[in-house]
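Dropping the structures in below, format is structure tokens.
In what follows, chain A forms one complex with chain B and a second complex with chain C.
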Partner chain A sequence: MKYKVAKRLDLHGVPCPMNFVKTKVALFGLECGDLLEVILDEGEAIINVPRSLKDEGHKIIKVEKLEETFRVIVEHG
Partner chain B sequence: MGLSESQTERYSRHIILKDIGVEGQEKLLNGKVLIIGTGGLGSPAALYLAAAGVGTIGLVDGDTVDLSNLQRQIIHFTPDLERPKVESAAEKINQINPDVTVNSHNKFAKAENILGLVMEYDFVIDGTDNFPAKFLINDACVMAEKPYSHGGILKFDGQTLTYKPGSACLRCVFEDLPPKNTVPTCSQAGVLGAVAGMLGTIQTAEAIKYITGVGNLLENRMLTFNALAMEFMTINIKRNSGCPVCGTTPVITELQDYEQPVCDLIQKKNPME
Partner chain C sequence: MAKQGVDNAEMKKIGMIQQKQKEYFALRLRVVGGDLNPDQFRKVAEIAEIYGDGNIHITTRQGIEIHNVYYTKLEKAKDELQTVGIRMGACGPRVRIVVACPGDKTCRWGSIETKGMAARIDEKYFGSETPHKFKFSVTGCPHNCAKASENDIGIMGGILPKWQEEGCIDCNLCVNICPTQAISCENGRYCLDEQKCINCSICTASCPTNSWEIEKKGYIVLIGGTMGKIPRLASRLTGIVENQDDLMRYIDAAFSYYKQHGRKKERFGHMIDRIGLEKTKGDILNEI
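What follows is the complex of A and B.
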């Protein structure tokens, strides 16, 4: 399924917690209901960032495994 | 306005906080805080406000750095001896954070200048070391409807309350200045340097909470602590309708430079005894 994302953010190689900080900054510029695509590293990043986003009231729509990263679609809550 | 890449990184630990985030950080960058007194309380206040990215910091102090200050006034360093305190403090603020604009006022807060100073800011921190200045700041902030943090320290003790228009002010609790020589000053009684840091830091947290609009301020409450017992106590206080400055019929309607009344007990004593 194709998602109409408002913004894309490649955080491959960006460690915690700056990956979450950059995601928050990107979401701040979006409206409620807008979708953001984030590329996150495996390991700590993919474990922590979606969890922190959910804590802040955002919705994780999809997590897709790519080669060595994950593509995450977040809906602004 | 949006945060730059370097600001995003500098303030990342604020941005991570759910209650602050990008929005709160932008409020801080647009915030204006006046620190009256750049000594024991004003030093940690200035350092933390600068680090937090409060966009405009005003400093008011007519004093110069003395060797006996360095035990607690941590914004001043040994090479700063004899320099005006506001100049020494402004230099450190600029080094910590170039985002901050510093307005230095190399003079003491007095009845004639204080209103003009507090009007320019969102929040005021009382970092002074004497009762006449503390009551002047209170009265000026009540008249200007400006929120401020009162703070006082002595020996191992600290006390603080936050005033916001409509809440209890310092005079609701302490109607007037204590008579002269009934309360020793820090120079007479001494003060633990770390106590200044503790209290000034609490005041700074209040300023940051006010600007970002998060949490509950120390309104209608007074926090006191004793560092020897390491006990903290919060006392509920109430606005006094008979308060001489914020009551229903205030008797203090214009500012003046106060003098501590002379204590009766001491006056009656034979000075030769």
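What follows is the complex of A and C.
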């Protein structure tokens, strides 16, 4: 994936809802339109975090399946 | 009420269940969908203290039981509960208390209103005699918190999603979060496999551009679920039924079919296994 990301965050092994909280904190330091790359676990994490981000007005741009995780690109809303 | 004259089968009809300590009974209350108001809660506490030994038991099906009530005090306890609108539950071969999850009133996943639905079912069927015990559950969505698939008839909220090319940014989130891999993508076009879709609304709730839209929303009827000694998960009788009156017709057809064909002490699901699922479904749907 060729995206110009402003920040990277590896949340492999971080359970709900801490993964969302950490994502939120990371986005807090960014500006509107900036991209954040997050690694999220399969299962609960990939279902819950993107939905919560949507509720907060951020936008998922791309999701790529890795081994047991996903690489997710989020645009600050 | 003389102890000698106690007819246990009759007592069960009105939610009074003899304990192993034969002079003592458990009072099972008719709590629909697990909801009581503060007055009712206070009254339950009061009755348990005055007429029982203070023990209040929450059942696995959202019900409340007041335990250890001496047989001479049953009538008075029942009458007092009635003053705050609490009616007695049921036991034995009949329709039991209807359980329900919170549904769309408070849960972000809810696809249907569950409490009113449970009340409507309770009003119509509670206490009706059946070949064996009969349990209803209403659950707001396929997350299935109220375990619709463990009930003789389960009502489950759900949606049918539809993909709109316009707006889709090809992020691939939907393909990766659908719990049943019902969504696939070919050359930027996203397809739904309706056979695999469990109507959970995860795609419509999560898509960043709302390209998955809700095409249909309503009730799914499940039949023949039971736990107990021989567990069996319920089978789907219908797809999404949009209208509540139509839903009641499906419920009625399924319920009548069981009353007619179920053998004594045979649960709905076991009757279905004996007759065959396809035949049972066909017969029921034919009645609509």
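In the analysis below, the second predicted complex is superposed on the first by the 76 of 77 C-alpha atoms of A that agree within 3 Å, B and C clash if a C-alpha of one lies under 4 Å from a C-alpha of the other, contacts with A are read in each partner's own complex, and residues count from 1 in each chain.
Everything that follows uses one rule, which is that contacts are C-beta pairs under 8 Å (C-beta built on N, C-alpha and C of every residue); 3 or more make two chains touch, one makes a residue touch a chain.
The shown structure was predicted, so the numbers you read here are calculated from the model rather than taken from an experiment.
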After the alignment on chain A, I want to confirm one thing: do chain B and chain C clash, or do they fit together? fit
Does chain B (first) or chain C (second) touch A:24, or do both, or does neither? first
Tell me the contact category for A:47 with respect to chain B and chain C: first, second, both or neither. second
Angle at chain A, chain B to chain C, CA centres, as a multiple of 10°? 70
First, second, both or neither for A:65, with chain B first and chain C second: second
Contacts of A:56 with chain B and chain C, given as first, second, both or neither: first
With the superposition applied, I'd like the minimum CA-CA separation between chain B and chain C in Å. 8
Intersected contact list for chain A, partners chain B and chain C none
Across the complex, what residues on chain A touch chain B? 17-18, 20-22, 24-25, 28-29, 52, 55-56
Quick check: in the complex, which residue numbers of chain A touch chain C? 46-47, 50-51, 54, 59-65, 70, 72
Sort out for me which residues of chain B touch chain A in the complex. 2-3, 8-9, 12, 15-16, 18, 21-23
Can you list the residues on chain C that touch chain A in the complex? 169, 171-173, 175-177, 179, 202, 205-206, 208
